[in-house]
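Two complexes follow with chain A in common, the first pairing it with chain B and the second with chain C.
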Partner chain A sequence: MTLEVTVRRRRGWADVVIRLLKKPDVAFGLVIVALFYAWSMVEGVLQVVGALLNNPALGWALLPYNPFQPHLSQSLQPPSILHIMGTDDLGRDILSRVLYAAPYDALISLVVVGGGILIGGFIGMVAGFYGGGVEEFNMWLTDLFLAFPALILAMVIEATFGHGYIYAMIAMIVVWWPSYARLFRAETIRVRSMKYIDAALLSGLSRLEIIRRHIIRPALITILPYATLDLGNVILFYSMLSFLGLGQQPPLPEWGSMVALGLEYFPRWWWYSIMPGLVILIIAVATALVGDGLRDVIGGEERWV
Partner chain B sequence: MSIWTYVINRAVRAFLLILGIIVLTFILSHVLAPNPAYVWAGPHAAPSVIQAIIREYHLDQPIYVQLYYYLVSALTFNFGFSPYFKQPVSELIAIYLPRTLQLIFVAMVLTGLIGVFTGAFAAEHKDKWGDYTVKALYLISWCMPPFLAALLLQLFIAYYWGVLPPNLMADPTLAAPRYITGFPTIDALIEGNWPYFWSSLKHLILPAFSLALISFGVITRITRSSMLTALQADYVRAAVMRGVEKGRIVYVHALKNSMIPVITLLALVFSWMISGSVIIETIFSYNGLGWLLTTALYNYDYPTVIGCSVVIGIAVVLANFIADVLYAVIDPRIKLG
Partner chain C sequence: MGVTLSIEDLQVIYKTPDGTIPAVRGVSLELSESEILGVVGESGSGKSTLAFAIAGLLPKNAIVKARKFIILNNDALSSPNVFNKLRGSGVFMVFQDPFSSLNPLLTIRDQLAEAYVTKVKQSKGVKVGIGDVDDEELVEYLKRVNIPDPQITLYKYPHQLSGGQIQRVMIAMALILEPRILLADEPTTALDVLTQIQVLQELKRLVDEIKTSIIFITHDIALASAIGDRLAVMYGGLLMEVGNTEDVIREPMHPYTQGLIASIPSKSKYEGLLNEIKGIYVPTNLNECPFAPRCPYVRDDCKNSLPELRRVSNRFVRCHLYG
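Entry: the complex of A and B
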């Protein structure tokens, strides 16, 4: 008699990616997201190296046009083969400016989601694991920050400390952590009821140690789909701040502020405002598709709020 | 727990949150701010102005004295004097807040209608083309930056087709009604100022629809999933067996019950819409609270920024409170607690 052994392979990340690629909409999203972050990394490195070597031209070495050089004879050209997204009032190529601005958005999305997970994760996991008064207070604090509409709170913070990229980043982390605190708390309460946590408590591990060893990992995996989708939310939100003039300051290009600059030329020269807006839309849709797909593969709650 | 203990419990929570909001803005503006006097006076203020500001806001006193004055003035809705508008901040808010509330109210009605019907439609056609189309629609509208939604609507409906006016709150050649309730459309109605009433209604549609467009997705999702649960319920199966026609079951029998979870979302949608209205008002030149806030921000008018945000925070807490109470009143099955 032969003994049949079914080996259940552990699901690695490569496996997850393959399953994601099987659905056309998710695959589309994944390709866009991957292209966006890959491009941002290349362009970001070029800009940083260019700044270090005192040779800013390196920042637009890969772009079709110099994003800063005005060409007044070319101003407000409609989208064409030469200028895929048209040109702005100074005749600068909008596509080049959009591509030049990509690294700022990529960076802020990663930093804000990361910061939100760090702060919200700590507050939420402690609340969920300790319970009682600690939980009451932490969740009150969370509700307090959620009581402010996100954009208003970010505006107040920037009004107090100053306008600019770094301030926008700080303001957004302050706005972003509460939703992660709620997610992590719910997740911690779920994991806490497992037998192995009781075993760990009996074996004398301290509670913070149990959170570190046994709760962070499962909680993070469940939250991953939401965090992926959230990258797009951050980019959307940052574009709103930048639209209001609270992001990267001119002359640096920025998706949201380009839309705001284009308002003066709207509706006749519509592409000036609409094109950067469409880019934001596409990136946000792509992250949402990937987040949705990840949730189907990894499991976890349907959650958009 | 009776309904009244529940309401009182929620009211106490709401009050604590409002206190928290005031303290939070105090900490931001008096403790964390690098130099409170300069922040309150603006970066280009003269030394004499700074001295006046320090006296006015008691910035030379110990921090708990400052907190006391701040709390008392915030709880009496006294937010100081706006250096840019040369008017008390509370008066400014009394003018601009109703305009935004009017916009948001219309937008919330639209959001509710669109969300509930698309959700019901998606549930009726679960896993068929209707469902996928609705999903694609709300995914796109959800991911749409508010300014893009507003600009596209403005471009096509106002500029290309000329159906609705592209911006402003009403036709500027018309005489505005007196300030009665503060809601321009309602004031015009009370005064019997019909031309202004119609004009302000027409000017409301596009901005309200833009706000609705970026936030209906969440209501679609919740309606769809609660509708799917409702369609499995016994009373729906009984209706099917009695031979009630399918559309009637979905849109009459099941819809009523699936709308209950939507109520809890309304407070959340309200909060988003306040954020969204800041952007939408800029694009449609609709002079509401969002316009006041951005103008104050650009002109370093700090008292106005703080005053607006405290009032907005309080409004969101109240909206949450109302939603909680409504939820309990409408659905007696809810476990109160």
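Entry: the complex of A and C
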């Protein structure tokens, strides 16, 4: 008697995506997030190439309107077929401005979360793996940074060193890494107590190999859902900074600063601040949904049946 | 037959914020090649701490003291690096909880290959990539521990295996590494009775095939007597009775051993209650017999002086009754 048995050799990322798409809310979030980053990449490349070729018009080649060209006759038009999100006080198309600003938010979310994982991951994993005085010091440092309210700390950094996109990025990494340090430390301690670490030690693997093969991966995988969800938090926080005038400087469009400018025209010309605000909200909710879904899918992977 | 392990007066003390806890209070053991030593004791008797001390896997807050601590002709007291030297072919361990013994993110193949690669590196000095290890080679090891459908099991993840299968994978890992000493820390506690016997048989085969010595740690004296050539009974961090399994089971001398053997369930409920050892383990002063509070034969001197582990006829016993 022969029995056909199929074994999946690897639960690859394709499998994770398929399982994510099976849940309607997570699928919705995943589509939004994918669209956001895909668009940001295209638009970002166009803007960079445009700047390099000294032809900024390339930056709005795909947009319905030039996001910088004022049309005072068209100012504060409500949403319509011509201007889906309406126009601002200078008659600029809000949709075009929102789309033009997207790459900045996409880039800052990836850089800040990535930077947080790198710095926090290093500090947290070293603390968790070595323990003792190293752990004390690392965690003291972490707590020191966590003790300040994040927004105030970011504002202080920007006030001291300067305003603008790059400074906002640096300030946010400084604010962001401590929570990752804590997560990575906790994960490292959890994984270290597993008997397979002992077994690996006994089989003669070096400490470095053990960290590489048995600690980084499980720690990263448990932190991945949180990091995904965090992308939205970064965008929210950056919008907050721009709202306060600490992000992108005019005339460059930015979601948070558009909300801030639009407030002067609220509520009669509501679309000016509501539309960019809505975009921020949708992106933040979408990343939260994907992060949540990932936690269910990946989290289940590691748990024992 | 060579001596693989020789310990004299091994003490392990845990430092905690609330003070120090003596977990092992002076254990002397000698283990020969191909010998299986069963270590029996209840929770908190220090038997697992003893195993982790021999593997060099004690946590940082543990202090180890001994008069002599020789593993495979290496003096473990000389420096902590001795354990690093032994890694890979000296000491291996099969753990109590099968479900944390293997990395849940890697296939059985990758984890066996990991052991295989370190073994090849150590014995032949050749570096092989984990991906380059021949599957057939690993399948052979799984066959030797009687894993059904080894080709398929090789590409499974740990959560797809039963506890017994995981313990057999651990034994296969031991077959790869060929350790001189294998520590089995209650490897069958999480398994059902039939699987227990199979795992015991695999362990015995290990002794025949690679001439390893095994320290089999358990709370079940029946199990220990089924596998051990010699039996060591631990209580309160001390050895209470050490002797050949036959002798100890037939004619237990220490009251604690007697109690353990009497409490093996052998009656049906119509024949009355099961026997038990009265009371629970309580820490005692260092200068009294730790079993005194529960001992049916307790005398005054038991509370005033700790008996020595003395040779009595064919074994060693720590009890004032045999003074």
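Just so it is clear, the second predicted complex is superposed on the first by the 276 of 305 C-alpha atoms of A that agree within 3 Å, B and C clash if a C-alpha of one lies under 4 Å from a C-alpha of the other, contacts with A are read in each partner's own complex, and residues count from 1 in each chain.
Note that in this section a residue touches a chain if its C-beta (ideal position, glycine included) is under 8 Å from a C-beta of that chain, and two chains touch if they have at least 3 such contacts.
Only a predicted model underlies this, so the values are computations on that prediction, with no experimental measurement involved.
A.B. asks: Touching A:Phe161, do we find chain B (first), chain C (second), both, or neither?
C.D. replies: first
A.B. asks: Does chain B (first) or chain C (second) touch A:Ile221, or do both, or does neither?
C.D. replies: Once the two structures are laid over each other on A, A:Ile221 reaches chain C alone.
A.B. asks: Where does A:Ile280 make contact in the superposed view: on chain B (first), on chain C (second), on both, or on neither?
C.D. replies: Touch status of A:Ile280: first partner only.
A.B. asks: A:Lys195 in the overlay: touching chain B, chain C, both, or neither? Say first, second, both or neither.
C.D. replies: In the superposed model, A:Lys195 contacts chain C only, not chain B.
A.B. asks: Just checking: does A:Leu236 make contact with chain B only, chain C only, both, or neither of them? Give me first, second, both or neither.
C.D. replies: In the superposition, A:Leu236 touches chain B alone.
A.B. asks: Is A:Gly131 touching the first partner chain B, the second partner chain C, both, or neither of them?
C.D. replies: Once the two structures are laid over each other on A, A:Gly131 reaches chain C alone.
A.B. asks: Look at A:Ile210 in the shared chain and tell me whether it touches chain B only, chain C only, both, or neither; answer first, second, both or neither.
C.D. replies: neither
A.B. asks: Identify the overlap between the chain B-contacting and the chain C-contacting residues of chain A.
C.D. replies: On chain A, the overlap between the chain B and chain C contacts is residues 302, 304-305.
A.B. asks: Could you pull out which chain B residues touch chain A in their complex?
C.D. replies: Touch residues, chain B against chain A: 16-17, 20-21, 24-25, 28-29, 32-34, 39, 139-140, 142-148, 151-152, 154-155, 159, 166, 217-218, 221, 225, 268, 271-272, 274-276, 278-279, 282-283, 293-294, 297-298, 302, 305-306, 308-309, 312-313, 316-317, 320.
A.B. asks: Okay, in this complex, where on chain C does chain A touch?
C.D. replies: Contacts found on chain C: 55, 57, 60, 87-89, 91-93, 95, 97, 99-107, 111, 114-115, 118-119, 121-122, 149, 152, 155-157, 159, 170, 173, 177, 179.
A.B. asks: Along chain A, where are the residues that touch chain B in the complex?
C.D. replies: Chain A reaches chain B through residues 140, 143-153, 155-161, 232, 236, 239-240, 243-246, 256, 259-260, 263, 266-267, 270, 273-274, 277-278, 280-281, 284-285, 288-289, 302, 304-305.
A.B. asks: Give the list of chain A residues in touch with chain C in this complex.
C.D. replies: 5, 7, 9, 11, 131-132, 194-196, 198-205, 213-214, 217-218, 221, 301-305
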